[in-house]
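Labels A, B, C and D are assigned to the chains in the order they are written; within every chain, residues are numbered from 1.
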Amino acid sequence: MESITELRVRYAETDQMGIVHHSNYVIWMELGRSDYLRMLGQSYSEWEALGIRLVVAGLELTYRGPSFYDELIQIRTTLKEATRRKIVFGYRVMRKDALLVEGESRHLVAGTDGKARTLPEELLAWVQKG
Amino acid sequence: MESITELRVRYAETDQMGIVHHSNYVIWMELGRSDYLRMLGQSYSEWEALGIRLVVAGLELTYRGPSFYDELIQIRTTLKEATRRKIVFGYRVMRKDALLVEGESRHLVAGTDGKARTLPEELLAWVQKG
Amino acid sequence: MESITELRVRYAETDQMGIVHHSNYVIWMELGRSDYLRMLGQSYSEWEALGIRLVVAGLELTYRGPSFYDELIQIRTTLKEATRRKIVFGYRVMRKDALLVEGESRHLVAGTDGKARTLPEELLAWVQKG
Amino acid sequence: MESITELRVRYAETDQMGIVHHSNYVIWMELGRSDYLRMLGQSYSEWEALGIRLVVAGLELTYRGPSFYDELIQIRTTLKEATRRKIVFGYRVMRKDALLVEGESRHLVAGTDGKARTLPEELLAWVQKG
């Protein structure tokens, strides 16, 4: 299963090299996993309301090509791993069929205090159904 | 009285026009008022610890010239008005003697719930001493 | 005439007050005017390809209420003034019928060198048809 | 050799979790490598003036702990690898002795057109002296 997030590149996301600044893909990946959860029928804001946080523990990005102002971009998000303590998402940032950036984000399950906790069984089952 | 904030322009702050994107001056003004309060001997994080928020109610910026990557920039901040309900800061963003941007921000005093409240007398006296 | 830009609030756009950081409305206004030009049948990237830049000369924002993570927001953009040297856009940022932020941006027409120039008659007529 | 970049956390860099949003470390790493080059006696803006770009090809970050508004943070940057085609920087983001984030960025040498080129021998020797 894969969620697809579409966005149009913002002017503020470009830099003086004339391309999207590389930090923005990290933000786009976050939009991707937010839409992945929404596609499953729940939003991350509902998780937060339940007192659950997904704390970012690691990021990896490989940049294959630039993107430009005003382009339509797709973020394709998949679930790579989910346990009660850890969730890993994978991302492909595309311009139509061209792969621009590949990435992965690793998250630890935490409470509102930022301390580690375990994901309730029903939420784990729900996220794994993807 | 005036506080001076020095910063070096970040690459990520530029846009494809080759200049600093205009939204960053709003963030720089925030650095300016943060340093203004610190110059008076307290930081805005201490205000937040006291349960006081300065909610942004209005902004005005006039752009006179661009700034560029890697430049040293000064934000000169003054207090224009302070009452128990409202605080107004003024800003001049400078490259040495060249005025790049002039701005003003208006703030309402609020509690942690975002609702209006009044500034304690001692905090008002303290901010007015500037 | 009015263009409508819809967006969903990004997590990265929030701050520790739990609301959208006020600087993001400046970026959203830019999305608004970009869509305004697109609604007229041309995009700002086409203007840039013609060697024309709209340099930001001034901003005014009045904040009436906060917006929150994951909300759907509308930016309603209008043209307030257009001459061969200057263009002024107006903005209303809304959550459904609730007005959150009102704003205005003033722009000067410039060439790729950042120097003032005049807008070609046909482009002026085109932008005024809005 | 190691360069040290000091910064104070900006309010705009926090998110509604009450900590610095994870995307900002990517921007801080960029400040780190910019200062690394400056420590060697040249700035990246001089490289750009010579027609040389360091295109970001990859990023890795491991997050070990959060940082907060108004804190003083250090970015410790080292050169991990430098050839005529590729440069790798390593980063440690610290609060005093506490390691918050470790990271690495991989860069390809390119010209102003974004196409791959080789670093001039004298620039390579210069960056390797670090």
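One rule holds in what follows: contacts are C-beta pairs under 8 Å (C-beta built on N, C-alpha and C of every residue); 3 or more make two chains touch, one makes a residue touch a chain.
All values derive from a computational prediction rather than experimental measurement.
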Label of the chain whose CA centroid is most distant from the centroid of subunit D: C
More contacts between chains, C-D or A-D: A-D
Distance between the centres, which are taken as Cα means, of subunit D and subunit A, whole angstrom: 23
Subunit B and subunit D, separation of their C-alpha mean positions in angstrom: 27
Mean-CA-position distance for subunit D and subunit C (Å): 32
Residues of subunit C whose C-beta touches two or more other chains: 11-12, 17, 19, 23, 27, 30, 69
Of subunit A, residues touching subunit B in the complex: 11-12, 14-19, 21, 23, 69
Of all residues in subunit A, those that touch subunit C in their complex: 10-12, 27, 30-31, 34, 43-45, 48, 69-70
Residue ranges of subunit B touching subunit C (in the complex, touch as defined): 17, 19, 22-24, 26-27, 30, 53, 55-63, 66, 114
